[in-house]
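Several structures are given next for inspection.
The two complexes that follow have subunit A in common; it is paired with subunit B in the first and with subunit C in the second.
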Partner chain A sequence: MLELRAITAGYDRRAPVVRDASLTVAPGEAVGLLGPSGCGKSTLARVAALLHRPDAGTLLLDGTPVRHWRHRAPRAQRTAFGVVFQQPRLSADPRLRLTDLIAEPLRATGRREEIPARVPELADTVGLTPDLLTRRPHEVSDGQLQRACLARALVLRPRWLICDEMTAMLDASTTAALVAVVEDYRAATGAGLLAVGHDRILLDRWCDRTVHWDTVAPAGKEGAVPATPGR
Partner chain B sequence: MLSVRGLSVRFLLPGGRRIAAVTDAHFDVAPGECLALIGESGCGKSVLVSALLGLLPANAQTAGSALLGDLDLLTADERTLARTVRGRRIGLVPQSPAAHLTPVRTIRSQLEETVAQLTGVRGRAALRTAAERAAERAAFPVDHLDRHPHELSGGLAQRAATALALVGGAPLLLADEPTTGLDRDLVDRTVDELRRHVDADGDRALLMITHDLAAAERVADRVAVMYAGRIVELADAEAFFGAPGPRHPYSRGLLDALPDRAFTPIPGMPPELGALPDGCAFAARCGRATDLCATLAPLTGPVACHHPIPAHDGKSPSTAAPEDIRA
Partner chain C sequence: MADTTVEKTNATGAAGAAWRGHGAARRSTHTLRLRVSAALVAVTALAVLLVPPLVQLDQQAVDLSAKLLPPGWSHPFGTDDVGRDLLLRCVYGLRVSLLVGVVAALTATVIGTAVGATAGALGGWVDRAVMRLVDTVSSVPHLLLGIFIVAMFRPGVWPVVVSVALTHWLSTARIVRAEVLSLRSRPYIDAAVSGGASRWRVAVRHLLPGVLPQAGLAAVLMIPHAMWHESALSFLGLGLPTHTASLGTLIQGARGSLLAGQWWPTLFPGLFLIIPTLAIAGLAGVWRERINPRRRSELML
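Entry: the complex of A and B
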């Protein structure tokens, strides 16, 4: 169970972007979070992915409060999450070949020996051909790069997936293909999903339930926020 | 208004590789019309826009012609393009506003500069009012004008870029993915604003590049479908999104991928533009492909395919073709 209770978060303590937001995702459940541009839903997604420390409120992961935050949460808890961001260009290291991009989480967690087996398997799952894996991000299209970013999110076999506008930059066919990959993974592993987006039709089709921002953060104020950093 | 004939763009890469980004594009945009160019990412849509504005990188080669009135945009020199075309005769709503806006200046200062450059407005107070009016036209909140681009959300940055594009009152508006990253309400407002710009004055036109099929359906009069650098179908928007439906198997697949339709992806991925097959580039992903597909199907009727999905409206395709093509 992933529980966010009365989360207040932002980039300036005097003007938090998210106020008093509460949200629960049950294991194996797919929750869609719907909200207008600039309402703070990407910030909340970063908090849910343990990448951004909330100013106030508690985050419970399977009943245990997440503690010992520095800027992010401790790695042992963070690796239970796979995250896909909106803009693949900003969330992929431009110097890495796609194969290294996908393998990066394995390297970072000292599981190098799994790379030869895991990366080709995942590349096949997300529909990347072997010749694409040797290229760098500027040599592939947005859709192909987002496929690699999704593979990177799945490489550690996360129990939770956070997809922050994963398909906003993509065409209809790639969107349907990536959603199918996420759903196949969830069907196989029982992972929970928080999908953030602004396309109600897509989220209704994709998720078990869709919640609107207004019900998640009733006290939230709408306003401009800084463009979300890619990673 | 805009008449594109046989437009091709090739990129020459070191090592003699050639990328066929756009191949033999034919289309017209009539005054008062909105043409939506749709297709998967990486199929050459944005390159086509860059070619029309003379903004291609140095290693690009173009062929064919693109007539705006009597000016050929492909052969015009930089001086003509810079002084009379960009902003004045063609307005551009860019793909990524965050990269298009100047990061070190406020939106107000950029809008005022654009107003001063493109219109006759002079004097501080007049510029200030004109800039605020320009912001309002694109639904950009006036109290955010003194912010820098990094202080804006993606949606607001997009509206700022739209406001800049509308300032010059250009008769032809090119919108390159104007709605990427916006929520549905904002998409509707943005495209409605573009449409209003076209309708406000009968001799204006809009060429909108998008992969957002819902946005295309909302504003387009006609739809051009691009695949692997070629326009494979050119159809009336009403017929394309409505009952007869698209006729090219690729267009059909794109619509079927929508979450409110079948939500099934087209198998595989688009081919590499550097290594296109000789025949139909979609054959490898097409469920209806035959031996004939090893040869290229020209865009003779409304669709470039050897085995188009039959039109169900009872009209014979040959009578509908000249209307759709407007050659």
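Entry: the complex of A and C
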């Protein structure tokens, strides 16, 4: 169970981007979060993935409140989340080849011996051919890079997937392929999903339940919400 | 922009040719600068590496019968006021100056990168404390601080290296910190955190490789500066012992004879200081253009 209760978060304490947002994702459930651009849904997704410490509110992970974020969070808790971001260009280290990009979480958690088996298997799952794996991010297209980023998110077999506008910059066929990969993974492992986006049709067809931002953060409506560029 | 559009509509061919011509000219001066700088640096490096083992120099041997000879066949650069051959002493001096420059610049860059990366990667109060320390050190004039450090030791090469290194890491620390701060907010750092990477791993695997080009450029630009500092300290009589040939001691020793009209003991060490400096700066300039991302993407295309 992933529960966000009355989360207030932002990049400046005096002007929070998210006010009093509450959201629950049950294990195995797929929840779509809809909202207009700049409303703070990406910030909420970062909070849910333990990547951004909220100013107020609690995050319950399987009933226990989370007290530490980012590096301070226990490694097992951090790696329980697989995160895919909107812009693959910015979320891939420009110096790493795609195979290293996918294998990086395994190296970081000291599970090098799994690399030879796991990386080709995942590359095949997300639809990356072996010749693409030796290239660097600037030598592949956005769609191919996003496939690699999804593979990186899945490599540690997370229990929760956070997809922050994963398909916003991609064409329809790549979108369908990536959603299918996520759904296959969820069917195989029973992982929960929080998909953030502004495409109602896609989220309605993808997720078990779609919630609108206004119902997640009712207090945010009347307050002047400052738009953060790029998020 | 408007001009070129108008020109293009009037005479597309001519405007296109003019554009291409301009680009080619720029590119050719660019390669010319690169080649001249590289050749000068190579000649300098070969000279300081090959000449001393081949031609032994007794630093203290004097020949008063040959004192202050103008440049000629037996002494291409002339002799100084105690009859020592200036060409040989200039090469020996350049060797010492380059050694000090390279070692001090590398040390300063390593210290600066470590401090800057620590401040940038940890952030928060560590960052503030470290950067206030950097501001404090840089508020003291660095030549003065260098003189203070060098005066604590007996004269020699290593005190000069220590003094130059300890006073020149500040700018590198600032550059590296700024670069790390800009890299730290990228989503790929978030992805690494979510993938279980420790702080150390994020710094070593993702942040440091990103700042190394800038740090390397800072190191190369530091070499000429460090050479000048060595010369300045020696010129003030604080650096190397006076009998040791270094560009600074050579110029300092030649000060008296310059007023009597003997220009060569000052001119040649000065040229030996200026020409490698310009060559290294030229190479660094070419490198800086290469690591500029926009330029690099053009090269890739």
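Some points to look at:
The rule is short, and it goes like this: the second predicted complex is superposed on the first by the 215 of 231 C-alpha atoms of A that agree within 3 Å, B and C clash if a C-alpha of one lies under 4 Å from a C-alpha of the other, contacts with A are read in each partner's own complex, and residues count from 1 in each chain.
Keep in mind that, in the parts below, a residue touches a chain if its C-beta (ideal position, glycine included) is under 8 Å from a C-beta of that chain, and two chains touch if they have at least 3 such contacts.
None of these values were measured; they are calculated from a predicted model.
Look at A:S141: by the touch rule set out above, it reaches subunit B but stays clear of subunit C. In the superposition on chain A, A:R152 makes contact with subunit C only, not with subunit B. Applying the stated contact rule after C-alpha superposition, one finds that A:R200 touches subunit B and leaves subunit C untouched. By the touch criterion stated above, A:R78 is placed in contact with subunit C alone, subunit B being left untouched.
Once the two complexes are laid over each other on the shared chain, residue contacts for A:E114 go to neither subunit B nor subunit C. In the superposition on chain A, no residue of subunit A contacts both subunit B and subunit C.
Residue ranges of subunit A in contact with subunit C, taken from their complex: 46, 49-51, 70-71, 75, 78-79, 81-83, 85, 87, 90-93, 95, 104-105, 108-109, 138, 149, 152-153, 155-156.
By the touch criterion stated above, subunit A contacts subunit B in their complex at residues 35-38, 86, 127, 129, 141-144, 165, 168-177, 179-180, 198-202, 204-206, 224-227. Contacts from subunit C toward subunit A in the complex involve residues 186-188, 190-199, 201-202, 205-206, 209-210, 297, 300. Within the complex formed with subunit A, the residues of subunit B that make contact are 39-42, 98, 144, 147, 150-157, 180-186, 211, 213, 253-255, 257-260, 263-266, 268-270.
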